[in-house]
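In what comes next, chain A is part of two complexes: it sits with chain B in the first one and with chain C in the second one.
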Partner chain A sequence: MRLLWLSALSCNGNVHSLLNYPQYEQWQKGFEWLYHPLLPSLHTFEEVEDGVKGCDVLIVDGTLEQNLLKHRRPFSELLERYATEAKHILTVGTCATFGGIFAKGEAGRTGVHFCGEARRGEYEWFWQKSISLPGCPVQPEALAGTLSLLAAGEPIPLDELRRPKYYYAYTVHDGCTRNEYFEYKIDEHRFGTLEGCMFYEHGCQGTYTHGSCNKILWNGLNSKTRNGQPCMGCTEPDFPKEGLWSTPKHMGIPVRMPLGVPRRAYLTLAGIAKAFRIERFYKPLMEEE
Partner chain B sequence: MKQSNKTERRLQIISGALKLFAQRGFYSTTIPDIAGSIGMSAGNIYNYFPSKEILAQEILKTISAHLGQQIRRINDQDISSREKIKQIVKIYFDTAEKEPEMIDFFLRVYLSNREVFGQGCEGMICVNDFVTEIMIFFDDGVARGELKNQDFFSAFGLFMGYLGGMVFLAGEKILPQSLDAYTDDIATNIYNALKAQ
Partner chain C sequence: MARTRLELIEKIEGEAEVLYEYEGERISFAQIRFLNSRHIEKILQGREPLDALVINPRVCGICGHAHLIATVRALEDCFERVPLSQKAEAVREMTLSLELIQNHFKWFYLTVLPLLGLEAPIQRALEPSRLAGEMIALMAGQYPHNSYAIPGGITGEITPVDLLEFRARLERLKLLFRQSLIDVDLEAFVRCERIEEMLSKEGDLPRAMRHILKRGWERVGQSLDHFIVFGGGGLFTEGKSIGTRLQESINLRYLKEEALEGNAAKRVSYRGRYYETGPLARAMVLKTPLIREAHRRYKDSLFSRILARICEVPRLLRYLETLCDGLDLSEASYTDPGPFPASAQGTGIVEAARGSLIHRVTIEEGRISRYQIVTPTQWNLGNGTRENPCPAQKALMGLQRNDPAELVFKAFDVCSVCTTK
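Up next is the complex of A and B:
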């Protein structure tokens, strides 16, 4: 399967993310790069600008900007040319999907199909063959895995934002090692420590962020929440929010509830759960006898 | 015995016990006293509630659910926070006047005999229905920009402490007027303390 990678306004985070895919060496045997910004490719970027044939999957990363010039040609011209030919278009990373960080910096910057949560009409003509792989950066497993499924001709169930359900039907809360602390409403911790929930005070968005960071660990090893940093909600259309390290609250009540949980029911449950004082949660587990 | 009869009996015990607890306090009231007041045998009461402590806890849950339901109806209305405060104050004072044992139970048993509620009513477990509705009232008020975003317990203590204090004064017959005469002034004071600047 032949892949072509186009970067708009990008920090190259998604490009590097794929390089950190633990099974990259084995995985890459099934693919050929017509062009990739860092990896050995069949063509130079100048040749891509002039037009190359054979693109099966177009991978787009970075935020779109009106009149963005990519070397000699407008980015939109390259995007349209290869989107016409490609069988699938992957918007990789939150910038290409929703606009992301760069879109916060200036007006007129968007993702390919979305501007935040709003659908854009400009590239409607290739919506049906597009797949969204948001993340800041994209989780390498989501990118490599999706490409493998496409290569195998397997059907990929998508959500309403065209994110593959295999990777985005879960929330980051799934598999979080701090779930017991969440259940009993214990938020006492310092960044970088192994215990305590970060939902109530420290802005963790894991309970309503679609992503598999705690089911498919980064580099097979770790995730933000396992390492002691709140989930920043980087796969969602409204990323990045302001004040990432604190939880917006109304008189102590988190403004946003876990995904699909009615507020009244949640508050009732939380009130009951908080009544338990489970001693082992109030000191580092390693000191617990 | 039919389920509806059992439920009725249970409520009858709760209601009879509530009155005696509220009047005499927890320790001066015995299960035989309660049984006598509702024409039931003490042994039969134990079929419904295994201990006096558990009976007191069930009473607390019943009162909390009763007040919670009424505040929920207020929360569900599309009216301003200021109007909601007035209605909550009114409900509280109406309850204190028409069913004084409910509020007396709160003040004389729940707040005074904490040891009775230690196991089974930890934290807010037994008053959850009521507290949840107050939380929703606060949350809505802040979301609408009508109430100041402040610490929950500072606001909760101010609201409930004020109402409890007034009911206590009324119960001691210190207030020159009936409780409902103070509804508007008290609602205004609470609103002024909670409103967004």
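Up next is the complex of A and C:
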């Protein structure tokens, strides 16, 4: 399967993230790069500008900007040409999908199909063959895996934002080692410890962010939340919010509820959970007997 | 009328353009252009200071960690005093060093070897950089793009189990260094001062350097011979070196940044002069024996530049070992520095793979009112005039038709994303 990677306004983070895919060498045998921003490819960028044939999957990363010029040609021209030919289009990373951080830099910056949560009409004609792989950066397993599934002709169930459910039906909260602190509503959390949940004070968005960070661990080993960093919701259309390190609250209750949880039900549940007051959670894990 | 040619430089971090001017077959002048700006500095304005810890790693996909550490140091500098444990400091140094290692491997195998026409199996770049990424992830949650360093320390707690996993990978990295780059004892290589000794070993580094000598390129790409290093304290020492004349004290007061028309990268100077920053500059300031010898013979050429970068790897590996050995896990990972000052200014400096990276933040009424980032690329790839060129320009000037201009240019480890501010 032949891949062509086009970067708009990008930090190259998605490119480097894919290089960390543990099975990269094995994986790449099934694919050929017509163009990749870093790795050896069949064509130069100038040849890509002039037009090359054979693109099966177009990978787009980075934020779009009106009148963005790559070298000699507008980015939009390249995007349209290769989107016409490609069987599939992957918007990789939050920038290409929703606009991401760099969309905050200037008016008129967007993702391919979305501007934040709003659907754009411009590229409606290839919406049906597009797949969204948000993340800042994308998880390498989500990118490599989606490409492998496409190559195998496997059907991929997608959600309404066209994210593959295999990777985005989970929340970042799923598999977090700090889950028990969340469940029993223990709202104390200090940085630099193994204990505590960051949902209550430190802005963690893991309970309503779609992503596999705690299911498929980063670099095969760890995740932000396991490490004690709040999930910043980097796969979501509204990334990055303001005031990322604190939890917005109303009358002492977090404003945003876990995915699908009604506020009233949460309050009831929180009251019951808190009433357990399980002693082991109030001691350091390493001292627990 | 001089002939000109516009060339696209790709497969760097992003793309750049160079407009070459020729006199006959000789490059008489070169202008370097970075076309796009992502406006990170503007995006930070009006935000809460801690948001910078999340936004700034996204300045660069390969040096994001350096941006995180520069950010946290700038933010900590805003406090009167931040109680930082030695453990937190050491762990930050560890992850920062690992980012340099992955960068050096990727640059050597993905950029340099192909330009020399030498076989460059990508797994020799990918396996060590993946390992370095895993080691960062053990300490910092994930790589790239984490926000684990916060004012007062680090977000995670390191257990002896993490350290075991870390050390196992460090051993593997050391083995890979010997297996692929140069088969020599790490300790001996750091002290080595004879080019011939390096050339006589097995490995891709001596192979590449022998190839450069065979092609007669060892003196190609000489530049200003002015070096600067702002980030001292860890493995590196701050200072500047004009040729081999070393001056240890430098002051950020003399740094000047100017915007350039039609270019997304501002240029920077120190006391009105342009300087090269990065591995060669660090080696010149540290007086690394082998690099001093390369410099004595071939000046600040692409030979010295390539050798200097790879010579950092064993130093970094040894540094990692020392940091591991000295780590006292019973110390606190984090000590609350208290509320963020409502008004303050701070500066954070790190040595990133490509050179000195400087972040400066101004806080007013609890919000970021100004954020300024000076990247290594601005030093190395700035645009001066014909009479007073910046380092990469100078290195390109005078090159003849058969000289490897792209290699000369990329020996500076060109990055376009880190200029797009």
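FYI, the second predicted complex is superposed on the first by the 288 of 289 C-alpha atoms of A that agree within 3 Å, B and C clash if a C-alpha of one lies under 4 Å from a C-alpha of the other, contacts with A are read in each partner's own complex, and residues count from 1 in each chain.
As a working rule, contacts are C-beta pairs under 8 Å (C-beta built on N, C-alpha and C of every residue); 3 or more make two chains touch, one makes a residue touch a chain.
For clarity, every value in this text was computed on a predicted model and none was experimentally measured.
In the superposition on chain A, contact of A:L194 is made with chain C only, not with chain B. By the touch criterion defined above, A:R162 reaches neither chain B nor chain C. In the overlay built on the shared chain, the residue A:H113 is in contact with neither chain B nor chain C. Touched residues of chain A were counted for both chain B and chain C, and C has more of them. Of the two partner chains placed around the shared chain by superposition, chain C is the only one that A:S7 touches, whereas chain B remains out of contact. By the document's definition of touching, neither partner reaches A:R178: not chain B, not chain C. Of the two partner chains, chain B is the only one that A:F276 touches; chain C does not reach it.
The residues of chain A lying in touch with chain C in their complex are 7, 9-17, 19-20, 22, 24-25, 37-40, 44-46, 63, 65, 68-71, 101-102, 104-106, 136-137, 190-194, 213, 218-229, 232, 234, 240, 242-245, 286.
Touching chain B in their complex are the following residues of chain A: 249-253, 255, 263-264, 267-268, 271-272, 274-277. By the touch criterion given at the top, residues 8, 10-11, 13-15, 17, 35-40, 42-43, 47-48, 50-51, 53-55, 58-62, 64, 88, 106, 110, 114, 122-123, 126, 129-130, 133-134, 136-138, 140-148, 150, 152-157, 159, 165, 332-336, 417, 420 of chain C touch chain A in their complex. Within the complex, the chain B residues that touch chain A are 122-125, 128-129, 131-132, 135-136, 138-139, 141-143, 147, 149-153, 155.
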